[in-house]
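As structure tokens, the structure follows; a few thoughts come after it.
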Amino acid sequence: MPAVPFRINAWLQYEVLERSTMLLSIHALSTARQKLRKEVFRVTPGASWEELPRVPGGNRYIRLDTGDVRHLEISYAVEATTRCALVGLDEIHRTAIAKIPHQKIPYLFPSRYCQSDRLWRLAMKTFGGTEHPYDQVRAISDWIFENIDYLYGATNVETSAFDTVTQRAGVCRDFAHLGIAFCRALSIPARYLTGYACNMRPQDFHACFEAYIGSDWFAFDPTRMAALDGLVRIATGRDAADASVATIFGRMDLTGMSVSCESEEFEAIGPDALERAAMMIGP
Amino acid sequence: MPAVPFRINAWLQYEVLERSTMLLSIHALSTARQKLRKEVFRVTPGASWEELPRVPGGNRYIRLDTGDVRHLEISYAVEATTRCALVGLDEIHRTAIAKIPHQKIPYLFPSRYCQSDRLWRLAMKTFGGTEHPYDQVRAISDWIFENIDYLYGATNVETSAFDTVTQRAGVCRDFAHLGIAFCRALSIPARYLTGYACNMRPQDFHACFEAYIGSDWFAFDPTRMAALDGLVRIATGRDAADASVATIFGRMDLTGMSVSCESEEFEAIGPDALERAAMMIGP
Amino acid sequence: MPAVPFRINAWLQYEVLERSTMLLSIHALSTARQKLRKEVFRVTPGASWEELPRVPGGNRYIRLDTGDVRHLEISYAVEATTRCALVGLDEIHRTAIAKIPHQKIPYLFPSRYCQSDRLWRLAMKTFGGTEHPYDQVRAISDWIFENIDYLYGATNVETSAFDTVTQRAGVCRDFAHLGIAFCRALSIPARYLTGYACNMRPQDFHACFEAYIGSDWFAFDPTRMAALDGLVRIATGRDAADASVATIFGRMDLTGMSVSCESEEFEAIGPDALERAAMMIGP
Amino acid sequence: MPAVPFRINAWLQYEVLERSTMLLSIHALSTARQKLRKEVFRVTPGASWEELPRVPGGNRYIRLDTGDVRHLEISYAVEATTRCALVGLDEIHRTAIAKIPHQKIPYLFPSRYCQSDRLWRLAMKTFGGTEHPYDQVRAISDWIFENIDYLYGATNVETSAFDTVTQRAGVCRDFAHLGIAFCRALSIPARYLTGYACNMRPQDFHACFEAYIGSDWFAFDPTRMAALDGLVRIATGRDAADASVATIFGRMDLTGMSVSCESEEFEAIGPDALERAAMMIGP
């Protein structure tokens, strides 16, 4: 697929109640499929920050110390060019458990928000009849879209896949967690993915998930709110515990936020193409 | 501390109900502090296995395919020599969140069995008054020993720290999970540790936890059933989801098990020494 | 339907670890539809007991003080004659919420094991399209039979409908709780029912549920293990918290149990009859 | 204690999204200790309502049908005169389980929000050393006040005692649920109580709990926000599932609310008096 440029802006505003440290995960990743330029990161003077040295394959984290700042503003801008790949479905082989590479094994295990161990019987009953793992994951993503209501306010930061599968409502984070939990319950490695989503309305940080099938990570968005090829990758992890936008050690209240991801050239590939091919956006 | 040799034997027996794959985590680690020799691993002929290439800092995993074997026996023997280190308490510095190295950050996040996000208020109320993080973790370990009953049958594989903190009963796995959850709630990185424990009665695989303080991982056993310097390390992880003895993909029932870890030379250091020093057994 | 006589025997054996009080709910009820004779209740000499005065519409409870008895045996025998009623489906009217009598209203509320408040969206999506409440409850009972595996050991006394709906396995108690939770989520009063079940294999105390539709309670058994017209009623309640066989205040271990419910005359009505009619076994 | 008159006003406003039925529990009870006069209940014309016939000892429920009303207002006013009783602590006897009257037994069982079965070990460890049940309940109420933060927004309608005991924050409803769960775990019958609280700031519906000790129900308010002798009783139940202000069958959003309970004559008895005596406000 062609390279597509995106202009990204993010802005966060906090009321700092006591001097705090925060881990920020809002920087786009630089990968073989995603190139960055003109990256600008600014915080209110008085706060200090550093970017942590990146572990290979890991996320970018900014560690920020609020110092004495009370009204903290954080802004981030970047131009990212991504180059997704479509892989024909007949080229994706199923991977026996016996062949999953070591680095992917942790993505088979249950995590804070994805209790795959408690969902395996339901997963087997619902998706166990499907043969190919890619078809299973597509069935999972479709099932979530059809059965879970996208609804603000129905869930909170403690809500997990085990809740969502019964409560049947949530936001992109909850949709992704449920997809991950179902995949792992079927012995398919799956991980959480955050990003900037081009043209998504309303504009916000977005979350979806990737499943490891054959020898690649393929992306799925059970909310169907964003085009997968319009996604600029921020972070991956086992679930939102690893990849939340901000982890705060101290006391701060979010008082404002805006996000945008625009492109003049981007044109999402149609659903027809995605019927016949899988989307790789990962590193 | 002096190097101490241990002789380890483990034996597992399964009834295989359908052809299955299992991930085994029973091999001792080879680290700067732990040397192995005469390692022998055997399985019933007909089953096949391979050791996965080890990720740096990762666990050893054996992937085993049962093939057509119905009565599966697995045996493992090794001689391990460990060399723990005692670090004087006044040499352990507190690490600001702002200084925790990147690789340790995932150990701050909540995980499947350690929902530190839901325990932080309790952790702050109970241990927040203690100044030094080492003293906090020791207080956590003591609190667990004093408040949780060691009891077989009260918990199962789904039990998490959030359950245990109220239900007040469990086994070594539950004790470790609660310790980890409290540490992370206090912004102290913590991880799960499995091992062979010399002279523990009854003999079994053991679990405890490590907390990252200053610039090292220190070990704590809130069950007080095993001597920390008599522990031969098998695996570490965020919690038992990463480091269970056996993860089964298929259908197999455990029908027999024995474990032993013996040493003629081992003499546990006394509680007095541990009053003044912390135990490093890790890599 | 004709009156049918049943011979019931129950025997319980306990190891008493400390002097305890227990509430027993194993006595058959005497109601307009269920007559008793030759009732015999015996306990090991040294233990004392009384039957609590029965609240109108309430259960029969035996309060037993173990005294100094260490090996406690409890036996109960009775001959019960029941007369169920079949009501043609076209005679059952739907009851608007606005017409449910006051005494039935508590059976609309969530309870310990039946968190109908957390299942309403799922209930609406799954059964909301069905018009008549009787058809809804029948659809619920069928859905449970088809989707939940009857499996010993998968659940315990803490398991609730919220667990079972995802974990998809359980025993009669769990099946009944899920039926009740779904009914209440659809604004249909529902209650838990325990009884002796004629010819059930294996013989055990049985649990199913009743839903209040039109102006009567109708019985449903989502396990399909027992014939509804072969059920001798012991107790009803909001869920198993109200109607467990034994509630123990103290420390006692169950060491033996046998139950039987036999009849020479009983012949269960066939599924055809139940296609066209609903079963009333209640008072 | 002298009779005290209170003037009560309550006003609720809803946006009705579809025709709905609601059960309202905002009417003060008429009991031997609480007399009512000048009761006025009004709803927006077009909505219809009836008061359900009261079950002996039960709550008053208004069943309201919104009809075609879109902006629904509900107002309630009454003058209530209450006469509490103080009972000297040495007059309160402990009740053996073996003597608890049948009607109180359901208040020993776990309920939706009060999972006493999961808290018993914690309850025994924390309060088991106290001899007299009245002292135990007072210790429970004090413990909750001291250990749980009163905080809006930390909990929601699904929060239960099992959550609160660890999360350590909540509102009056959560405080009451935890008190009830602890009592029942100690085999003390306990129930949920809602009421209008004189001079409470901010004015709102209030919830606390009652424990059955000796032969009476005694009231406790672990929030210490309201004077127990300034409470006008609305409803009791096993927990908030039985006694919530409004249970809605349909779709309505609360858009406004005000509550007041005033008295010119009321003077709360001091803490000294409550050191030596227990408060009975019940029927």
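A, B, C and D are the chain letters, set down in written order, and residue numbers restart from 1 in every chain.
Note that contacts are C-beta pairs under 8 Å (C-beta built on N, C-alpha and C of every residue); 3 or more make two chains touch, one makes a residue touch a chain.
All of these numbers come straight from a predicted model, not from anything done at the bench.
Between subunit A and subunit C, the least number of touching-chain steps is 1. Mean C-alpha positions place subunit A and subunit D at a centre distance of 44 Å. Subunit B and subunit D have Cα centroids separated by 46 Å. Centroids built from CA atoms put subunit D at 30 Å from subunit C.
Of all residues in subunit D, those touching 2 or more other chains are 118, listed in ascending order. Taken together, the touching pairs link the chains into one ring where each has two partners. Touching subunit A in their complex are the following residues of subunit B: 21, 23, 52-55, 58, 61, 63, 65, 96-98, 102-103, 105-106, 108-112, 115, 117-118, 157-158, 187, 241-242, 247, 249. Those residues of subunit B that touch subunit D in the shared complex are 118-119, 121-122, 125, 147, 149, 162, 165-169.
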